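To keep things simple, chains are lettered A, B, C and D as they appear, and every chain counts its residues starting from 1.
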Amino acid sequence: MVRELITVEGHIIDSDILRRVFNRIVEDGGEFEVVEFTVGKSNDAPSFARIEVAAPDPATLDTILEGLSYLGAQKVVGDVQFGPAEADGVLPDEFYSTTNFDTYVRIDGAWRQVADQRMDCAIVMRAGRPACVKQGHVKHGEPVALRGQGIRVKPPERSRDYGVFGFMSNDLSAEINKSIAIRTTAAEMRRTRAAGERIVLVAGPAVVHSGGDVSLARLVRAGWIDVILTGNAFAVHDMEKSILKTSLGICQLSGRAVEGGNRHHLFTINAVNRQGGIRQAVEAGVVTSGVMFECVRRPIPFVLAGSIRDDGPLKDVITDVVAAQKAYIAALDGAGTCLMLASALHAIAVGNLLPASVRTVCVDMTEAVPTKLSNRGTMQAIGLVTDVGYFLEKLASDLLDGATDAPSRQESPR
Amino acid sequence: MVRELITVEGHIIDSDILRRVFNRIVEDGGEFEVVEFTVGKSNDAPSFARIEVAAPDPATLDTILEGLSYLGAQKVVGDVQFGPAEADGVLPDEFYSTTNFDTYVRIDGAWRQVADQRMDCAIVMRAGRPACVKQGHVKHGEPVALRGQGIRVKPPERSRDYGVFGFMSNDLSAEINKSIAIRTTAAEMRRTRAAGERIVLVAGPAVVHSGGDVSLARLVRAGWIDVILTGNAFAVHDMEKSILKTSLGICQLSGRAVEGGNRHHLFTINAVNRQGGIRQAVEAGVVTSGVMFECVRRPIPFVLAGSIRDDGPLKDVITDVVAAQKAYIAALDGAGTCLMLASALHAIAVGNLLPASVRTVCVDMTEAVPTKLSNRGTMQAIGLVTDVGYFLEKLASDLLDGATDAPSRQESPR
Amino acid sequence: MVRELITVEGHIIDSDILRRVFNRIVEDGGEFEVVEFTVGKSNDAPSFARIEVAAPDPATLDTILEGLSYLGAQKVVGDVQFGPAEADGVLPDEFYSTTNFDTYVRIDGAWRQVADQRMDCAIVMRAGRPACVKQGHVKHGEPVALRGQGIRVKPPERSRDYGVFGFMSNDLSAEINKSIAIRTTAAEMRRTRAAGERIVLVAGPAVVHSGGDVSLARLVRAGWIDVILTGNAFAVHDMEKSILKTSLGICQLSGRAVEGGNRHHLFTINAVNRQGGIRQAVEAGVVTSGVMFECVRRPIPFVLAGSIRDDGPLKDVITDVVAAQKAYIAALDGAGTCLMLASALHAIAVGNLLPASVRTVCVDMTEAVPTKLSNRGTMQAIGLVTDVGYFLEKLASDLLDGATDAPSRQESPR
Amino acid sequence: MVRELITVEGHIIDSDILRRVFNRIVEDGGEFEVVEFTVGKSNDAPSFARIEVAAPDPATLDTILEGLSYLGAQKVVGDVQFGPAEADGVLPDEFYSTTNFDTYVRIDGAWRQVADQRMDCAIVMRAGRPACVKQGHVKHGEPVALRGQGIRVKPPERSRDYGVFGFMSNDLSAEINKSIAIRTTAAEMRRTRAAGERIVLVAGPAVVHSGGDVSLARLVRAGWIDVILTGNAFAVHDMEKSILKTSLGICQLSGRAVEGGNRHHLFTINAVNRQGGIRQAVEAGVVTSGVMFECVRRPIPFVLAGSIRDDGPLKDVITDVVAAQKAYIAALDGAGTCLMLASALHAIAVGNLLPASVRTVCVDMTEAVPTKLSNRGTMQAIGLVTDVGYFLEKLASDLLDGATDAPSRQESPR
């Protein structure tokens, strides 16, 4: 048997880390002995464990230790190693792949936090600091962190006195009282504002089809949304409603389909593109209401990412998905809360780009998307299985009734 | 080739009957020639077709003609034949099985409408008139109608000037503006009242879990519901909320699960059964709010049907399912509209017992139950995929805001 | 602040118990200090913790301590208290409500295991031993255990070297390689046989509609199923297929609906009831293939529980749900593995009646039922979102290819 | 009242067109009188109707007539009008928007069929013939067909003797015997081959996760697939399985998640991109099995369309969605059958690009995508709610057992 000592510390019981360490060792074919254990004596104190891991051969031990490193367990305290990128977008095979948890690398004996934390990235030294960089954006010769020593992950700890947000995580049942969850979301948005952070909204076209656009427009007008990340369809149907009073050809007054109504979204794209884009269409008086109208008027930024399903598309759409991804990344800077409403493609794209520390509320009529997001490790996430029209109506009512405007956001230095 | 002439009449194009006649003939191996066709010249006039059906052999022709009889096509005009039930609950093998459409049988040369129309029944002569009787309730020796001549089905026709209710049928998409459908439902309830018909509610426990019970209690109090058909769980969780402020152990103020809260529904059953039942528990002041409370107070009747899942059950529950089915049947008499909310077992049970002419609104978070109901031939049905809490809140707001009470129901002679 | 010392021991980290203890204390408004902690040094050794709980007032402390008792934490070591049932089915209000985990009560200083462990029951002294009894079955005057001291719950511990079954629990994704899970299920069935335990099958009618009945009949014939718990519809459609080659009127060769095919299930009920029941219909040669046929032939027992949806029903159906529940309870005795296939009503009913130690495999096309079962605390459960026809075909192929018969079950003394 | 005579002909009863004509007139506020009606006397003969439409004012009449034109009803027999595109991608506002049904325009008194039929396009005169062109691809000044006279749509008619494919359309229930539908799909693929048409496959990554890739690779190797349309994820996970034996980090032998396995797909992208692309990676021996391997080896073409969710992406991915859409369009040329497997984004994109005459089989675990596709008017579509791994295993077994290779496709002159 070969052996190695590891240490792990923090709220490792509350955060379910110690249990996963034990499981990982045994599942991968090892054994362990707990050499030292100090449990945090009270709510505030962290725990500490020193564990001897044993395995039948060095290869198994390495596998175990790498698995444990993703759980924050430390083996050795050497510096992280770097290797040069072989070509643009081609990493050395031993590259370390990031999670969405805060990560530190040891350089010249000092632990430095990695910038721009997000999952499935390489860690690259750029401008003198380690940063998460998407594989495709790494340049030839840049130093790429290699897996092994000198990398420390800090999984998000559920504080022992966590508030209302925490207890709802991972509960996706449709059979709950949603008004409580919506109240919690409103409280979280107020907290985000108070902390000087930004509120990001990701929306799919069903927001418009379900009639939720009316409440969303109110929220934008009152300043509760800082940026909208979406695609061609949401913007088209929102403006279709302003121009033609239908959404995907369904009359929003009678609920009836208009024969030939599939023409309406093309007509809308045509009318807006003729003006040169959304802002110009609002300014020309072609679009006079709705979410996009309020975005232009306030103004707040929006990013429309293209997809192969798109008709048109609108001139505002970024049709190259790599460029669109970069635009989303830029828009997410400073985010404290993210609302993902009735969107699959764009919600999952944003989930891939967010650090775990950003709180997300994912609303959909089925469990599929919320489940997928939580499987990808988005820990601080509420999944709400409900009607998005209901969600927005209640949320707007909670945030706007009796109030006039959102508390102004102070740009924090983060 | 053997041949037979059939006739079919009514709004057979609008109601999609002629197309199904053609399909049926060809699918079952026959051919047809349209001998005579008169199309209704205007919105109001019915159409008429005389069709010669040809088949390679008499057995195939019989199969085709039987299939067509379910679509209202007429072959011959002899009297219906009856055979005696072999034993209690045992029919002659050639028994005719009913649909949920209006049915007539020819006796002594005259067409008589079958009473108590519902699907999957035998037609039995009882007290001098033909009536739908569930197989299990047929008595030894009773005359049972046999399939073949002398039976005429009248499929529901979609009038050419049908109103708002019709166009929504068979549209189950979650991505629609539900406020329109809810407004339509409210209008339908007003129409039902004006027609002197009854409004039946079928509810599952998720009505309580989702917080919809508050609005439902308002509707009962204001007289908008005439009878509630449900099971043990709905009544228990509704009263648990009155007694302990939880629903299935989930606090309805904070949304948090109470550890050991699974005790609460047993505690509730215990407290109510100690008094002798729901009415007694209300009168004793044990239950002081909620849907069951309002039912007792107004009063309106409710029927609780048992299931093998039940804890307890409450003393009010009918634990024999055959007896419960009879009680449901009695409660459905005179129904004009039926709301089915977040219920699977009891909604499908009621769907089996309703004639197609009763308009139903089926609300659930997934398509499964509404789809099943429409597959069973419940034609005049709206399926709404949305949050039942939302549905009830909006419905109560539409019906009660500005109004004080439901229009009183005049008992019609039907 | 009031304080109390509690102890908790076992594989409390692996089994996620310690984390839940900490959470419970803080969520309910308390604080804690870990006075003593011994972690199991190796895979096999249990851990031990002594924790001081503090709360602002005695009522809060009581709430916390009761919550902790459900997690296996011990406060005091007095004997359990009993109170007499007030009437048949009416408990003293302070009754203790059981979980589906092994439970012990302290009587005259000795800990005795509670018999017939299942959830949502009272603990009653009957025939000199403590046993789980459904509320409705408790008799006037019987001694009922009261909540408070002297009750110890032993949550199921995930052994540190648990096998293939464990790692799959709580993973409900449809996007996994199901052949692995099916292989695991087959291995578990072999293990159950080797242990002399019984294999219980719960089935819904979709087993027949999806064509899975063919493989299921093979499994019954080869002796892999010990009892079938189901309802009227499964048995009817299985025998409809034998008699008329359709399932709910859908031809099982061509997949086409037969117009008027809704008559077929009534015809089947009629043909079987005429003989006096299922066994008699098999013996008379009316039913000559299928699952029910194989059950009669081998023979293995089956229990058909009635529901208000039923047509007919078959004479074999127990129409009183309380009696049906008792019959299910009797049939579950000695169960080691339970397969729940495409059933909602009966699967959840069985989930309510099983101790947590019985391993269950729940197969359905949507997450709803598996999720509901795991929410109710059925810990040792695999949920498989897949086609039940596929599951049965693969399972039968794994268990039967190359083998001739199931290992015969030795009745163990349990 | 203003009036207009229209005519409609074809299998207008079987194809449900006449009913929709009547409904459209009444719903839009008009009345009608059937002036002349000749029903097709036998299976083969078309029907003919001349109908007088009346409306209260000219605007209403125009609305009605436009709606009817989408149903194939003819008003006047003038030539189609054209107007020039105002700019690249900007149409004249009166542009006609296409359906996915065969369309004819009248030019110089002659009816000419529109080329490249697909929905949501403009009809543009290009190279001397009318063709469907996506809005964004129309060039400044090109002649664009305007709505109004001279456009004739031919909705797909369900032949009175349609075969096995037809009867399954629009039946999405999960509770059916899927083996029948899979056999039908295999028959359809054989028919497609015999007709010299192409078989297109659209696949999502769940094909790999569910283990269906093994059977799909067999089908590609045997020549049953002519082109694969997919995205980055499918190709990555397919090759991940070849290189690392996992799919999204899930071991495909044990079903267990590998801690840190999220690194695997990035490693795969890196290994393949290092070689310069998929073909090069196969040739270099980096990828040695799987679907992509078989595509390169046979060879058959594949198109990978980018999305904003993508990691990497692979060098083969077309990251601009407009360019990707064009590549898909080119790949669909000559398609006779299209299989859409466990894909949402790419399946809907392809649905938008296909004429209604191409038969599609859409397989998914939920109804959502098949429903969406059929709502968009993809008429000749079977939706199958089942496990895609099951579907592929059965399909491969049906097509390949006993056979050695697909019948070679003769390029037809279409």
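One rule holds in what follows: a residue touches a chain if its C-beta (ideal position, glycine included) is under 8 Å from a C-beta of that chain, and two chains touch if they have at least 3 such contacts.
None of the values given here were measured: they were computed from a predicted structure.
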The chain pair with the larger count of contacting C-beta pairs, comparing A-D against C-D, is A-D
Most remote chain w.r.t. Chain A, using mean C-alpha positions, is B
Between the Cα centroids of chain A and chain D the separation in whole angstrom comes to 33
The distance between the C-alpha centres of chain B and chain D, rounded to whole Å, is 38
Rounded to the nearest Å, the gap between Cα centres of chain C and chain D is 45
Among chain B residues, those touching two or more other chains are 27, 167, 256, 366
Touching chain B in the complex, chain C uses residues 24, 27-28, 66-71, 86-87, 89-91, 93, 95-97, 99, 119-120, 134-136, 147, 256, 258-260, 262-263, 265-267, 269-271, 273-274, 305-313, 319-322, 324-325, 328, 344-346, 348-349, 352, 366, 368
The chain D residues in contact with chain C across the complex are 164, 167-168, 174-181, 184, 205-206, 209-211, 247, 250, 252-256, 342, 365-366, 385-387, 389-390
Residue set of chain A touching chain C in the complex reads 13-16, 18-19, 22-23, 26-27, 31-34, 37, 39-43, 49, 160-161, 167, 173, 367, 371, 375
